């Protein structure tokens, strides 16, 4: 369509009309965006905090009805159990560490490269798992490398070849968040840094790690929100797909 | 009275004496302000946090006794149930999403225009409902437009005519709060922006959305406190009444 | 046009096409938005900080060429002198206290009501003057009430009738910013609060006054950015025009 | 003793020796300071948060054993009940609103003047009650003036004579905390301002009110910590005693 | 007058009328408050930042014309020189360290007690001098005790008798601001703590000292704004006058 | 080399030895890293703030001597003039808007795709130019799209096809920074968001835009440090090279 | 080994190879670092927050299996009870105040000097106990000096000889944290300051004490994270061992 | 003396009397502490900011008169030139990078070990030089290792043997400050971390590096104030002297 657009001014208007008429379903409390799977190649994701269980289930149903994959992040186990009790989604599963409900109805083609997800400590695992679940439902092959923080650099060095081979690396770290800079200095590709809210008092619920990552002196490091493994995984996938030539 | 005041200096003193003698009822822990309905055209509103249920009920009784409408915001369902159990206010209802107790004893005349209350996401609904309940008890006709955040602009565009027709628009958004600027750029009237505490870590309980809204580059955007749907609704009502010529 | 839009779905598209085709002039470093005068009834305003004098003059010329009124805010006197030295804008004047360049080529009709602009102290005058100049170029009749902060309430009381007569009041205050709440409690209409960066250390360049105003317990108070007299004036004008029935 | 000190250098040393040898009882986890009642005329006060109930009771016993008055602030009702269940302090009472345990074993002489404790809202009552209980155990006669915030100034004006008659006034306010400045402008004596953590989001648990009070443009306003009714009461008592000539 | 007020309700109104009719002179940009000398026993003080030199001189003239003492704080030496060049105030002097212009036209009676003003370091001297100049123009006898910070407690101990003899002590400290707590623990009277903006990076322009003082565990410590020696001196004077029986 | 490493454990050690022995030149105050051009395909970049002009020139010489391209960011025009006065780098040029010194001694192959750099306002141009200069010295073809902030969305819509065609988009915005989210919602690829320090008071030197971007609800948005156009350009280049198959 | 390294360049590589090959056990979610006891002379410490009880026990087992001492900090009593219920670690004990699980399988030689751990108040005891337990498992002889805050300096003075005799002192304080500066001024050796999250509102969960300690004007004071008694104890031990000549 | 003290209670008093009588010279604006050289083995250091040049010179003279070494930190070159122009201190020199005036009149014995001072970048050099000058005037042999930040770890690895040989290491880093954690993980001794104010916007003048260092997951890292090279050097010297057995 974009090729057509480039041919003349009228085309832009038509493209925008299509944009405006794209199907979304208005549930009153939510506008479910069914064309997103087409537009960005992945399903609508339900960010659960602040939504009632009833709302979550209604949105889930609306999405699942089209045969798409569905991902509900930051879901409580209670929300999953209520959803499961409806009996409508026998394939849905709960990823406890990632706090995610996953319904895979389609298998996207596997990525050519492996996406490493590296954590500084064990306590960063929940955020790393959110990234892993998100990336995998969009077809990425991932490898989790856990507890290799900078206080024991030798633990990281053995993984270096894998990190250097990857197109892009996700680094998940709380406390001082220094791992992102260290990895950024050791690899030649981009690094997506995810600060976590893990730490003692002056970590200020992730602010310390966030600032560390934003101030990284290593080239190619960009940052997402605190604890936002989801966003890191989506961005990494978007990039890897372009490198794989599938987007 | 103000006309009289302008006629001479003595008049100011008399006006102020009246002000000073306006009836309020001293409950010891609260000064219930019965003339407020006259002064601003709406009932005293009970902001419940920090008050005991006993205090809430006592203030509620004092206000209701005069036949006014009463609104208790941020009320727990327990407070409502205790109030209901007194059997004194059979007409009082609990608006669960808005967390408000509403007692309508008088019907204000309906507003000439419709007040749109727009939310970026479903999780902003509680704050939007507080605004809606507040505006309606003061006679505003409202329309809730939910989940039209900037990540999917096409969801907003279909509602544009309604927004442009309104005198004033309330925009409720958490996370990055960008919807207020976008709406402000699309309509020609004023926008009241309500930041919400919805979001990941670096939203810092609404600080991110608050700063976004305060820094809006769109003309006509003013901001209220985080999650303060009530204040947005009161201000919008005050403005609409002046436009309607009833204040 | 909006009336036409409401008649059918096609109309929305046509309206949006028009929106997209509205004339703006691309100067490379700036997109000058000539239809804004039509859309919101006031000229493009040039926010000078961060722009070179050359850029300011180029944008100024582009806007003035259409016969519109032009307002350049936060302009240095040097920028004005360079502009004046071009000899192209003999009517342009520099408002020193407001730090604004003003070119009035058209006279908007005068507002029906007077817009009071109230300051807590003399040091808030620069911000108040920015509001005053902005409101006046859009046709508002204004009255400046200066240095009536809450530490000497009797200075405010004499102005009360004027404040109560107004549709809307702008309150400009630094330090603790309490004047907005006090005025909000004394008038029945909306108040637009402008925090200023005036104060001792813990005012933190206006943060203290900003928080005070956002937390106002008075009904009808909304807040704009620190020192943003411009935004307060635009919003007040938008509201007053609607009340006057001219927008 | 200080008079003696002024007579010669040796005297200082002797005075300091006495200071160093003042009786305190080392409980291992606490140094109970029995001479404080003599030094400042009031009992050791137990600040309960962070102490176990066992520690609280042990300190309480140590203090009560000397016949002093004892005040335990921020005490839970559970702590009081455990203390009461020991049967050792039949005179001890729990002030629920103030969250304080009070044991009065001596009656200090009543103050000559009345100390007004003024609150902006009903939700500030807990902090005001902590101030009231503290001041009273040190002999102050107090008067609580509740819910007279700046949004309804007329509620405050009726109390003005009492406030002006007092030597010093305590003002307790959350949200925007503007009441301290307004009272400071209306009375000629000092005002001790107590910010409270009451409010919507951008009150940031009392930060807004704290900054307001620190930035007060009214003369004679000093500030204590957020929610620290205790400290305000102690300071007011110290001042009133000097005015009464009893310290 | 307050005695009369207590006799009946009418009296309140009359008192308030008087309040409202108190003479202030409206200079357009400032409301000069001539009755303040009567109300609080000290002259209007001009806080210079944010005022033009012309405004400062105009207010200065208005105040001086009544024969009052005048104090202009935070005045630049340039402002003083321009004022002096008018030749109208031959008695005015510039206190360089305090950055204050002082015009003494009346001598208030000397205070009975001496007010100690204590600084932690030499760099706190400017703020301490502002307090000293302010207190002295209101009749306080003061003693400056400089550079006795907690890193060398022995320097403080020699001054202890003087501090204990005082009714109230002003403590001025930057960096960690610990001196206020230490003095507060050593004296039995109230302490007014003034944080200063002196320090290395993490002093954050006085925030560190401010928080230290607000969190003081010593009884009787209240705090004013960062660098606000003026406010500390006014409050101390108000208290000392009441103890002296002259207010 | 990495391929060799994967063949056995010994290989890792040898690879690391090589890493350790990579040539860098120790200038005493700086370790100039000559292999970086090989490792990441771009020259050492000199971040000038905090370095003396002498240090900048010495590092510049060390880098230029190897025939590499050199980029000095945040350079003052004085630093450039001193460098130019040495007569050693006749090809070096100063990019005034970007505040960068550029020495191109080699031409990298041009990128296959065009990298759009979009700004919200004219005042964001300096940061955007830093990104543009950086990307171009590394071979990227760029297109600057300036002043298309969200307050006038129609200015952005015409550029949509170009943005959608790109692999990745850089968005530069100050004030509320909402443009990143809006672009992120309109394109399907990743967006690198650069907050700028442009804005009124409550932008807090870029904090507002930074938080907005971190909290973006649009998928695929990652963020770099405030005003860090350099980092955005490096990351975008790393990604585009991988997509082009040249890294 | 370091002696060998100094003999020639090859030695560095060999040393680093050894570093890289040091035994750690990959549990999937954690890399257990068994050579740390050799490298720094103390066991791996498990920081429990953010780890599941299953993870804690698995790491605990891995560490205990080698005969090392094990310390689990910030452990809940529930975690200890589950661990104890496995029956595998009959020697493990729970230090309730310190919230630590301790397994001593080896006795390190006792330190030559005593390490004083001083607290300002009783509520700082939990953090002080974490320091004490940590230091003792590494062989330090400790002495706890509790509740000697600056509000009652005489309580501290009696302990001065012990503090001056120590090589290094740990000071644990919340609220205003002034004790670190006072101790730092009284002793001649280094002081490690531990801010705690104890206090009223404006302590901001330890921020106030942290800033106080960072800004200490006393020489030799360094600071660790809020509530981080563990880190203070490790650092003090590292220093004392060097002084004792055992590291 | 401390040995004597331990023999009996009287001894404490005598020791404290001596403390109180230690010679300090009261210059009015400063208490010059001549016994500090004896107490802590180094001269009084003049922290220049906030002091007038006259005050600096007067304190300098008072200290130099006793034959001690004198160090004035954060001194402007103008202050040094005025001091030099007095002709009284021909041996005084100005360390431009460190911004320090140094007068060495005595040579302390050289330390047994070398103190490494490591910086992440060239821009951290000023702070590192302040540490170096401070440590050397107290007899430490130092080695500056500059520009070995974590973005190029190989630059650090070559210096590892020297770092491991040291008793203690000072790490100076701005931006993300990660170098402290990395060094802390590679050496077995304590690390003193000095955050610097070097960096882009979100370094917030050193806050980012400060938080990173406070949150370090490496054992043995303690932190001093932003840019406080002086304090790091004093602490390192205190520790090294104890290890050398000379304190």
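A, B, C, D, E, F, G and H are the chain letters, set down in written order, and residue numbers restart from 1 in every chain.
Note that a residue touches a chain if its C-beta (ideal position, glycine included) is under 8 Å from a C-beta of that chain, and two chains touch if they have at least 3 such contacts.
The structure presented is a predicted model; accordingly, all values stated were derived computationally and were not measured.
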| item | value |
| --- | --- |
| D-G against D-E, pair bridged by the larger set of C-beta contacts | D-E |
| Most widely separated chain from chain D, with each centre as the mean of CA atoms | F |
| CA centroid of chain C to CA centroid of chain F, Å | 37 |
| Whole-Å gap between the CA centroids of chain C and chain H | 52 |
| Chain centre separation in whole Å, for chain F relative to chain D (CA means) | 57 |
| Where chain B touches two or more other chains, by residue | 12, 16, 20, 121, 152, 157-158, 199-200, 202-203, 207, 210, 214-215, 219, 225-226 |
| Touch list for chain G against partner chain E, complex | 120-121, 149-153, 175-178, 181-182, 184-186, 199-200, 202-204, 207-209, 211-219 |
| Chain D partner contacts - residues on chain E that touch it in the complex | 2, 5-6, 12, 15-16, 39-42, 157-158, 160-161, 164-165, 167-168, 188-190, 192, 210, 214-215, 219-226, 231-232, 234-235, 238-239, 242-243, 247 |
| Contact footprint of chain G on chain D as seen in their complex | 19-20, 22, 24, 28-31, 33, 36, 47, 49-51, 55, 59, 195, 197, 205-207, 210, 225-228 |
| Chain B residues within the chain A interface of the complex | 121-126, 146-148, 152, 154-155, 157-158, 174, 198-203 |
